[in-house]
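Would you mind keeping the following structure in view while I ask a few things?
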Amino acid sequence: MSTSYLRAILAVTWKDLTAELRSRELLSAMLVFSVLVLLIFYFALELDVQTRSEITAGALWVTFAFAGTLGLNRSMAIEKDRGCLDGLLLVPVDRSAIYFGKALSNLAFMLAVEAIVLPLYSIMYNVNLFYPGLLGVTLLGSVGYTAVGTLLSAMSVQTRTRDVLLPILLFPVIIPVFVAAVKASGGFLNGAEWSEIIPWVNILLVYDVIFIAVAFMVFDFVIEE
Amino acid sequence: MSPQPRLLHVLNILSALLLAAGTLMVFWYAPVERVMGAVQKLFYFHVATAWVGMIGFIIAAVVAILYLVTKDLKWDAINVAAVEISLVFFFIAIVLGSIWARPAWGTWWTWEPRLTTAAILEMIYLAYLLLRQGIEDPERRARFGAVYTIFGGLSVPLTFVSIRLFRTIHPVIIGAGGSEKMNMTGDMVVTMLFNIAVFSVIFITLFWHRIRLGQFAEQVERRKLQLTH
Amino acid sequence: MSPSIEVTRLVKRFGLKNVLRGLDFQVQSGEFVALLGPNGAGKTTFLRILASLSRPTLGQVRVAGHRLPEQSAAVRRRLGVVSHLPLLYGDLTAEENLQFYGRMYGVPNLNVRIQEVLDMVGLSTRRRDLVRTFSRGMQQRLAIGRAVLHDPDVMLFDEPYTGLDQDASEMLDSVLKNVAAAGRTVVMTSHDLARAEDLATRFDVLSRGVIAASVTRTDLQNSNLLTFYKQALAG
Amino acid sequence: MSTSYLRAILAVTWKDLTAELRSRELLSAMLVFSVLVLLIFYFALELDVQTRSEITAGALWVTFAFAGTLGLNRSMAIEKDRGCLDGLLLVPVDRSAIYFGKALSNLAFMLAVEAIVLPLYSIMYNVNLFYPGLLGVTLLGSVGYTAVGTLLSAMSVQTRTRDVLLPILLFPVIIPVFVAAVKASGGFLNGAEWSEIIPWVNILLVYDVIFIAVAFMVFDFVIEE
Amino acid sequence: MSPSIEVTRLVKRFGLKNVLRGLDFQVQSGEFVALLGPNGAGKTTFLRILASLSRPTLGQVRVAGHRLPEQSAAVRRRLGVVSHLPLLYGDLTAEENLQFYGRMYGVPNLNVRIQEVLDMVGLSTRRRDLVRTFSRGMQQRLAIGRAVLHDPDVMLFDEPYTGLDQDASEMLDSVLKNVAAAGRTVVMTSHDLARAEDLATRFDVLSRGVIAASVTRTDLQNSNLLTFYKQALAG
């Protein structure tokens, strides 16, 4: 990887972080939204303590998925605002650099949100979530999620229905990552055998690698008119 | 900048004295509760902070209406002050309740309707802060803030009502420890009422300070403006 | 030397509508072409294809010696584009916007260059303000600054004078004159015939999907651009 | 109500319906999204048949709430696109007419989605959902939801964070309607006594009336610059 | 007769920035005022306040005899506004856009009027096309059609010539001349001094937050608008 390629990636990430650190709008919105999703679940599903502990992993990942969509949408909307996407298209760097730059900043936002939602959930539902394994799975899941999410948000933002299209494109594609993450997280939470967990972690790893590779390869087609 | 009015000075001192008195009363006057022991002392602060927090939210809604009618930004300053202070008090109430819940119910948090309602209330006013953050024009910020606090104010009492129903239809069994109804002795009631009064005074004092802070910020802006142009 | 821009039988279709219908177009380096034509003629569509922002339906396009859309990466390095939108981030300041684009283009001595560009477009005093608080003309000024930041060889400017005041227009006049003098290629659309007449070395009228007429400044000498333009549309 | 007032309301609703009927983008997006939410729930919560029947009402309403946000956001984004909101502000009709017009079209979209999700859910999970009571509750809940949602979306679209703010503003405020709708729907589904259901229906009614009245009164302040 | 627009000591502040600083301004019915000034002077800000789209921070504003912002409903009925954005729905056709606005303004004989307006702005053949497929100039044409649809008394036009081609510009010239002749009031911003000189009866220069200079066409007679403008900015 040449230095100019790296510099381009960092320039994209840096721009997103600068804008966000100035206002901190996106992060706070994603956070509040996550907590709201958890609250809504409570009212809707009225889960008693027992079922609840069984679905901790599921509830967490649904929350991450929704909050993540929010973040992805906004991060791409910024590119569309004053025609910036055209500006990016005109730039003489490999399009994959733009992809990695956006994916990195999206991942940063997602991890920041998770870093607050996990302890909060831990207090609210009185479960210990601080297993290194669980944290690892969270990281792996988030990587897969943003890898695909960045690609698809770049697509959806170029359509007329951009406000609504992202979750529709993203959710079905992400299901394998989602299921694997839920299973693996649940395994760690319920103290399952390592041998039971490892297949799910493997799936996550494989998917992350595949998704990143494919996204890397097709991003050119997506972002070009 | 105008110096603190005399009454505010008096309130400062009064708040400090009352807080000391209230605390003394909690620890020396009120009896130790039989079932829960010393943790129960948190109760007085818990109830008092929750109480003033709610009052503040109601004040915010009333002030919001005043703002919309008069369009005087003064009311907006009061509206923000009320929400911010109440948000803090209410947060303290939740934290105290949480600390209390740990020994009482064996958990920091449980999904009991009242707690959930409290959490939602906090969320409404956090959303209010996010809303304001996203608007630059002070006048529009004030208007939207006012409208939203009115909806918040509507949502609060009705949420409580619906939660009542919630409980009567589906009694929720509270977590591990279980809770017997506290038997409040007369001393306890007196202590509780006194502390509510104490925190009300503290609330008024802080409220006043916060409003003044808003005015100072406005003045600083105006000075800066004169300097830059 | 090969032509800087070379377009053969270009067709662009939106759904059922043929906007460009077999357009031929050539520009040598150092030429300054004013692309004229009525509203909806397809000028923007054409410039977007030259800028590799849109794909031709049919036809060959070469810019700076490279084929589009296949070799667009090589083309983009040498392009400076002003479009109908400013292509700027509203949540970044003027300076941060230029910094970002400068890094993406790998501009050497970036900070010095940014200072130069900001001075040129007259936004030095507003460098630390967010672009979304800028007036229309200020955004257009910065968009021009962005387009020339990396000192491109081929400039595609779509109505660049939009919203510019007297000062800024004079600034842009001198920028465009200088770059054309330095052997760069400029294709500019404009509805302001007087200004076009003042600047360009060639005038092309786009109408009914093709270049309906083309004339160099020397050939126009004893005629008037407005008459030429009207004739081109009528004929 | 004068005829010009009515005409203005209908003009606004008509415009939204025309645009939507031409492309059917929003409706199809809301629908697909609803189905996806149901699927995600299925994977995340892995509900067995029994719990599932208990939470049918909750799952349905969560779905409606999320799909509804999608619709509201898009319907207001259209107004913001080419400065149309300014265009609406310039028009010499009572602002409340604009509110009712938008609220009507939003309600129409929401009901259309529900009209498809309900039978779909009924097939997917093999539960009968066709109780007149349930349909009535769905209507009441949707009315309350769009009444507040239209107002708050008019606010959120005028902020810088418009892509993300609506659910954050809407969800906490709508909780009473949401809880009442879940409870009442659940009551009908589980064949509860009428006397148990009626308080929730009353809450819904009260809320609908209050929300519409308040929204009517404050909409002027929201849409005015 | 009371003045059609009357503004006293108007101040508009964005955060810390004073954009308008005690501006005074009066227009009689039948006057056609060209509002000139450099980029970022505050022209758009000022027009938006007159159009009741933005609130004054301080100061009195009366339009068509009504106070703003209190009586904005009465003012809006008589206003026609062209802004930097077209204020059109991209997902509706040209015709549907006019239909919608016509209903909102309660225009009588709407279909006839729509036909008239479409003919005027030269979009009759494109009436059934969606506005989002329109070129910049076509959107601007329709925006002008929208603004005059209900035959307003007071017209606030912010750079209305943006993106218009020769034909459309001539059309707008004649529209503006007619309305001014019919005793309507026009306030128009423009950076095109030649065109302003051609049309307006009065020239006001907005600079440093106030009307720095104002001159009627008759007083300007033996001088040149550009010189006047530059002097106003310098002084």
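The chains carry the letters A, B, C, D and E, assigned in the order they are written, with residues numbered from 1 in each.
Operating definition for what follows: contacts are C-beta pairs under 8 Å (C-beta built on N, C-alpha and C of every residue); 3 or more make two chains touch, one makes a residue touch a chain.
No experiment lies behind these values; they were computed from the predicted model shown.
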| item | value |
| --- | --- |
| Path length in steps (a step moves to a chain that is touched) from chain B to chain D | 1 |
| Longest centre-to-centre distance from chain D, chain (CA-based) | C |
| Farthest-lying chain, centroid of Cα atoms versus that of chain A | E |
| Result of counting contacting C-beta pairs for A-B and A-C, higher pair | A-C |
| Centre-to-centre distance between chain D and chain A (centres being mean Cα positions), rounded to whole Å | 27 |
| Whole-Å gap between the CA centroids of chain B and chain C | 59 |
| Distance between the centres, which are taken as Cα means, of chain E and chain A, whole angstrom | 47 |
| Rounded Å distance, chain D centre to chain E centre (Cα mean) | 39 |
| Multi-chain contact residues (two or more partners), chain E | 14, 55, 84, 91 |
| Multi-partner residues of chain D (each touching 2 or more other chains) | 23, 160-161, 165, 168, 171-172, 175, 179, 224-225 |
| Residues of chain B touching at least two other chains | 120, 123, 127, 130, 133-134, 136-137 |
| Chain E-touching residues of chain D, taken from the complex the two chains share | 4, 7-8, 11-12, 14-15, 18-19, 22-23, 78, 81-84, 86-94, 224-225 |
| Of chain C, residues touching chain E in the complex | 14, 37-41, 44, 84, 126, 133-138, 140-141, 159, 162-169, 191-194, 226, 229-230 |
| Residue ranges of chain A in contact with chain B within the complex | 23, 25, 28-29, 32, 35-36, 39, 42-43, 46-47, 49, 52, 123-126 |
| Touching residues on chain B, where the partner in the complex is chain D | 68, 120, 123-124, 127, 130-131, 133-137, 140, 143-144, 146-148, 150-152, 154-155, 158-159, 161-163, 165-166, 169 |
| Touch list for chain B against partner chain A, complex | 98, 107-111, 116, 119-120, 123, 126-127, 130, 133-134, 170, 175 |
